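What follows is a pair of complexes built around subunit A, which joins subunit B in one and subunit C in the other.
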Partner chain A sequence: MKIESIVENVTINIDGQDVEVPKGINIIEAVKMVGKGKEVPHYCYHPKLSIAGNCRMCMVEMGMPMRDRATGEAVLEEDGTQKIAWMPKPTIGCATNASQGMHIITGSEMVKESRNGVTEFLLINHPLDCPICDQAGECRLQEFSAEHGRGYSRFIEDKNVKPKRSRLGPNVTLDDERCILCSRCVRFSKEVANDDVLGFVDRGTYSTLTCFPGKELSHNYSLNTVDICPVGALTSTDFRFKMRVWFLKRTHSICTESSVGANTEIWSREGKIYRITPRRNDEVNDTWMTDTGRALYKEIESEDRLMHYSIEGVHKASDEVAVAATELLKSGKVAIVGSAHSSVEEQFFYKAIAERSGAKVSLVSHHGDGDGLLQSEDRTPNLRGALVTGLISELPSENLEVLARDINSGAVKTILAVNEDLTELGISKDVLAKAKVIYVGSHANRTSEVANIVLPSLMVFEKDGSFINQSFRIQGFKAAIPGPRGVQSDFMVLEKIAAALAGEKATAITIDSVWERMTATIDQLSDSLRWHSLPEEGVALDATAFLNLGFVETKNLKYDPVAFKEAHAALAEV
Partner chain B sequence: MSHQETRLIFKHIDEEGYTNDIDCYVKNGGYDQLKKAVTMKPEDICAEVLTSGVRGRGGAGFPAGMKWKFLDRKSGKPIYLICNADESEPGTFKDRQIIHQDPHQLIEGMMCTAFAIQAKLAFIYIRGEFFEGYKILESAIEEARKKNFLGDNILGSGYSCDIIVHRGAGAYICGEETGLIESLEGFRANPRIKPPYFPAALGAYQCPTIVNNVETLCDVKHIIEMGGEGFAKIGTPGNTGTRIWCVSGHVQKPGYYEFACADITLGQLINDICGGLKPGRKLKAVIPGGSSSKILRADERFTGKLKDGTEYDWGIEDIPMDFDSLMAVGSMSGSGGVIVMDDTTDMVEALANINYFYAHESCGQCTPCREGVPWMRKVTQRMLDGEAREEDADLLKSIADQIAGRTICAFGEAASWPVQSFIAKFKDEFVEKAQEQAARRKEGKETAETTTLI
Partner chain C sequence: MAKTKVLERKPLTPMEKTFLPQIVSGLKTTFGTMMQKDVTLQYPEERPNIPDNYRGVPTLVKDPNGREKCVSCQLCEFVCPPKAIRMTPGGIDAEADPERAHVEKAPKEFDINMLRCIYCGLCQEVCPEEAIFLQDVFSLSGYSREEMINNKEKLYELGGTLPDQHSKWDKKKAAEQSGNAH
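Let's turn to the complex of A and B:
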């Protein structure tokens, strides 16, 4: 049930406190709403999956106002208060839905005793190998055992033996002994990834998670099963045994794989990224992301990474390069090949540079097949940013044949290329040789090899900025690790060029001063909005000006182009 | 004192010359009740069943008429009827006899029920091991279909319904009604959480479904024959109709015996009907309603007040065999499997046997049952293997207490009640076991002989 669809509120009583909650919400969520860190412990329940009710950890005591069976009238206590008919057994919070007058006790002796019981049961056949387990530090079993366990074991029998390292798919390795059979991964594959590959074989205490015969967990969402595994059973083959999670710093970021803009968390230590996991945003990606999106950080250490500012192949300081680039751009007949991989801030500067150098701006589209979930057809994170900043006013074309003609005709003499390999887009090396090329990008390609000036740029993991996703939601990302030594944030170098082009002196800028300028000139961004104050879930921008462009995205997890257009049109009418 | 059986369901069971084909059944008045039923209003049949007070014969003893009343008829979805023929409670062997010897009685009862609840389709979920029964049912259904007792436009009534026989794949848990439905749908027999999946509202294929035991469905036929009030005259108020008691264990004449509820006492059943214990043996304990019901100790006194206010003071042999009396003494009539144990029984071994069964049959879906029941099995097995500890009795009880009432389905109770009751009533034997073994260990002897379970 979607929480948004519930309008009616009911009053329920949780541990003696009356709380107003949406009708039908389950007790785990209701207790969360009480706040103060109050939580009903649970393993199998996940807000984005169906209810299984199998872990039995979330048990609470539940009662309803007692009514006379014959008359339907309320039965009162001697002191005149409503009498509560308590259920004789504890009930599971995940499958108990709030209704008017419901009473819940989350900490009675019965509740504690049943949670302790479940904890003891989960541990008897568990290998208790926390010292070598990747999940340690973020393991619900470990946490709840400290809270609800007895501290010693009454189990003196032999533990069950199960497979320790089964390969479920290219990215996931399973330790069956740690599995508590909560079925989250099974439900995820079936309900979210639409690829029903996981199931249990054998019975009772020998139940074992496995793939269906002849199949493997190879869909592009397989690592989400690792995220939602409450214990260390499903492990990322990539991250396995690499790092203790408590050593890792967590930084909020945005996935650049496609225009979906999945919210992510980057886990890094001492300038090195160890893994990327999804961050919950119910408007964008729920709690999921693609496997391919998680692997993007590997590009950081790629051998073809551009590390130095250079002019004609000679390493220079960034200031010198900025001056040289400015000179080239001043000479007129300039074309800019921008990028939908650039952040909104960078695009804002490219727009300024284009205006000041009289350059014509083109972008190139990067399309692929959409998977209907979190990988959209547009494989760039920030096409909407290019539109909102005014860098472009039309959708990009597939190639740069027009630009090639302009070079041939002599109409273009200088090209500022951002992150694109022009030789793959209809401009042959010979044609390219006729123009001066300034290349801005994170990695080397054939264009950077022939470029007269190269400005290395930072990857999304190394800088602050923002992207605007498919539904015109602007979302911020933060630098998790420093970039290559000496490489500055793109917009700092661009400021030097843009200021010089206008004959002004470059100022020392921060991301918020960039935002000050941006919000002053861009209609869609409200004046008071700053990067630092961007809410976690991002801000939905007014897309009215762009509704008639033929975006390529089709319906996916949280975006439906038809519904989006209709909703905006309805809004515009109001 | 001799006691007369009241053979209602088992009227023709083991009768000389009675065969399980349709001609024999019809010759003995078969399908007359179905002919009558289809002329009645469905809601009238439901009302008769409610009046009859017939309680479910599968184990829980819930009034069948009440169960039918819970059917969600407003949903507009088709209604399904399922016959639970997954008879697998240790100690129970009644449904198998009905299926083997009188399959048409079941079919007639089912079609009467299907008509009463206006089911779109009926299923018989038969235990996988009952292969012979499956073949018999299939051919009986074919015979009945030919005579239009089921199929399209049954007996010209305009009502159509067919029966599909589905063989289980061999698991005790398939007898749990929601597990049965999952299995019928083709999934692992993992029982569903209730709420929301009460079969009467969200059963087979998420449609309203009634699941009744074989014997209960047969009762429906007889309720139509004698009317709800007529049926209610058999037995006592609240305990109407007959029960088939499947007696096994240390008696001279084990077998199935059908009596009106409360017609005989446990003592009469054991001593008079079943010929008593073997010579020289003394009664030690009785499990009155299948292996999951709580054990009764031979020298116990049961005192208290019944629902109707009458006080009772019974020894084990005085307990009237019906639903409420057995519940009053802390056990249950369950599926009618009476397991008698004499004084040669090693209670630790008996419990180990039961634990082995439940550990083997736990579906493994929810934590307390999946982990707790095999733990209890390991403890009792270890006790037999010569490693018993005095504290094991308390440990067993504690584990059982952590299971009962904490699971998705009633299997949790079914598996813990034996342990709870064995420890409550025979704790001394569990402690003695440990002491004996300790003494033998001291003398340098083997602590245990090899025991093979099941």
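Let's turn to the complex of A and C:
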């Protein structure tokens, strides 16, 4: 729920403290707003799903100011305050909406006892196999059992036996004994992923989660069910048994799968990434991301990773390579094939290099089918960055036929290619042989094989930077793991080239000094903006200058091109 | 400089000057202990009795069925104060090992660096599967640092088999086969 969009506020009383909350917000959210780590324990409620009210963990005591039924007048206590009519039994917080004057108690004996009761019932048939359960360490049941559990079991009968280790789909493994029947996964598949495949069969304690006959949990959002499962029932087949979560360091990052720019969290230990999960951003991806986006980290360890700076196939130091590249670029007749996979900072430097070497810049578009949710038609994370930095002023084309003609005619003698395999884009190897090629990229391809100079670059997981997504929101990402040994951050090497082209001495730069330069020259970035102080949710930039470009994205989860245009046009008029 | 105090030495008596009393009392001790039971051990041929709660080298143990007990929960790795334990967890291949399929998880690799271990016993304390024990091995040596890292094979060799009070996984299997299914 977007809080600013709700105009009316009401005052409710939580544990004796008056708080202003938006009207209609539920008690779980209201208590969270009180802050100080106060929380109503809950399993089935999820802020982005419908209310199911089936776990009964979120019990609170609720009362309303008392009024005389006949006259409608307030009934007062002796001290003149309005009397509160407490409900005789606790009520569930997730389905109770805040209204004026409501009183809530979250920590009374009755509330605690009902939580203890719920916990005891949940544990009756629970297998208690935390030692082999991947959720351990981030399991709500484990946490609340520590707080509200009895510590021993009064249940002497045999526990129910349900299927363990069943395959639900290509990415998800299910352990039914651990399931607490909260139905989050069921609601997610139906409401968000629009693929209603999960359901419960049998009744009572025999209720079992399963896929509908003949179906599989195979949509591209299946791993979100693993994230929202409060227990270890749904586990990621990829991450299963790989590492305990408490060893993993979390780093905020951005998904590079498409121009949506889903906010992510990288989980790594000692320079190795174990998994990627979504990070909540209500403006971009809510709390979801695609399965395909989560697998992108595997390319880090791929065999064809470029690890060395080299000239004509001979490994060299980065400084030497920068000097050689500068010489080539100085000789004129240069073309740059930039990339919408580069960060904004890198594009800023390519723009400087293009200006200083008089190069013509082209980009290549990468399109695919959009799924209407978090995978947009534009499969690059930072096309808007190339526009905002001025690297390009028009949308890229699908191939490089124009460039091929220029090479053939001798108008282009040197190509600086970033991340793109030119041989796949309409420039045959023979044509390419007519020009000198400087290749910058993270992985080897046919272009890097024939390139005269190769500059290895870091992947998004290994560097600091920012991307601008489909709705012109600039979002920062941080390095989670170190890159290959000896490979410097791209912009450091680019600075050496760019400065040399201008006849200046290269300075040691940090990401914030790059931002100092960027904000000074780029209109859309306000002068005080710095990478380190970029807010978590990103900053929406002014897109007025680019509204007339025909972007390929169609309506998806948080972006509607038509509405976006209208909103911006309206803003521009004001 | 600190002040020193000089003690006056008592002059020896004529009897003492012959050294005989000292020699006699020394020989008394010599012959006295000669008759007594030995108190020293001929280490390494003879070995001391190690009490049960002795904290020797940490080892991994198997249960009476020869099944490895550790499920690679990594709690010992987490708790170990000097970070002596490193492991790679892994799943059990149900097809290759149907007998253990219900346990699901076992360590792929398990290393304890004995140059780091401080014999604190916290790993034994924390283990939920009773799989790691500091037993009676107290002397170990090696020619290189690598030799001082006990790998999984070595740990099981040192650990052997211990009786199991709970047989938790056997019970789990029995329940799976005959339990309250619907």
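One rule holds for everything that comes next: the second predicted complex is superposed on the first by the 569 of 574 C-alpha atoms of A that agree within 3 Å, B and C clash if a C-alpha of one lies under 4 Å from a C-alpha of the other, contacts with A are read in each partner's own complex, and residues count from 1 in each chain.
Definition applied: contacts are C-beta pairs under 8 Å (C-beta built on N, C-alpha and C of every residue); 3 or more make two chains touch, one makes a residue touch a chain.
Only a predicted model underlies this, so the values are computations on that prediction, with no experimental measurement involved.
Undergrad: Looking at the superposed three-chain arrangement on subunit A, would you call subunit B and subunit C a clash or a fit?
TA: Here subunit B and subunit C can both sit on subunit A without a clash.
Undergrad: Let me test your reading of the model: by the given contact rule, A:132 touches which partner, first (subunit B), second (subunit C), both or neither?
TA: A:132 contacts subunit C only, not subunit B.
Undergrad: Counting only touches as set out at the top, which of subunit B and subunit C does A:315 meet: first, second, both, neither?
TA: A:315: touches no partner chain.
Undergrad: Using the touch definition from the top, say if A:54 reaches subunit B (first), subunit C (second), both or neither.
TA: Touch status of A:54: first partner only.
Undergrad: In the superposed arrangement, which partner chain does A:243 touch: subunit B (first), subunit C (second), both, or neither?
TA: The second partner, subunit C, only.
Undergrad: Going by the contact rule set out at the top, does A:158 touch subunit B (first), subunit C (second), both, or neither?
TA: both
Undergrad: Would you mind checking which one, subunit B or subunit C, touches more residues on subunit A?
TA: Greater contact footprint in residues on subunit A: B.
Undergrad: Touching A:92, do we find subunit B (first), subunit C (second), both, or neither?
TA: First partner only, subunit B.
Undergrad: Look at A:112 in the shared chain and tell me whether it touches subunit B only, subunit C only, both, or neither; answer first, second, both or neither.
TA: In the superposition, A:112 touches no partner, neither subunit B nor subunit C.
Undergrad: Of the two partner chains, subunit B (first) and subunit C (second), which one does A:446 touch, if any: first, second, both, or neither?
TA: Neither partner.
Undergrad: Calculate the angle at subunit A, using C-alpha centres, between the directions toward subunit B and subunit C; round to the nearest 10 degrees.
TA: That angle rounds to 90 degrees.
Undergrad: On the overlay, how many Å separate the closest CA atoms of subunit B and subunit C?
TA: 11
Undergrad: I'd like to check the shared interface: which positions of subunit A are touched by both subunit B and subunit C across the two complexes?
TA: 157-158, 202, 206
Undergrad: Considering only the defined contacts, which subunit C positions touch subunit A in the complex?
TA: Interface residues on subunit C, with respect to subunit A: 71-75, 77-78, 89-91, 94, 102-105, 128-129, 172, 175-176, 179-182.
Undergrad: Which stretch or stretches of subunit B touch subunit A in the complex?
TA: Touching subunit A from subunit B are residues 171, 188, 190, 193, 195-196, 359-368, 370-375, 378-379, 382, 395, 398, 401-403, 405-408.
Undergrad: Enumerate the contact residues on subunit A facing subunit C in the complex.
TA: Per the touch definition, subunit A meets subunit C at residues 127, 130-132, 136, 157-162, 164-165, 202, 206, 208, 240-244, 246-247.
Undergrad: Across the complex, what residues on subunit A touch subunit B?
TA: 51-57, 59, 88-90, 92, 95, 113-114, 117-118, 120-122, 124-125, 154-155, 157-158, 180-181, 199-200, 202-207
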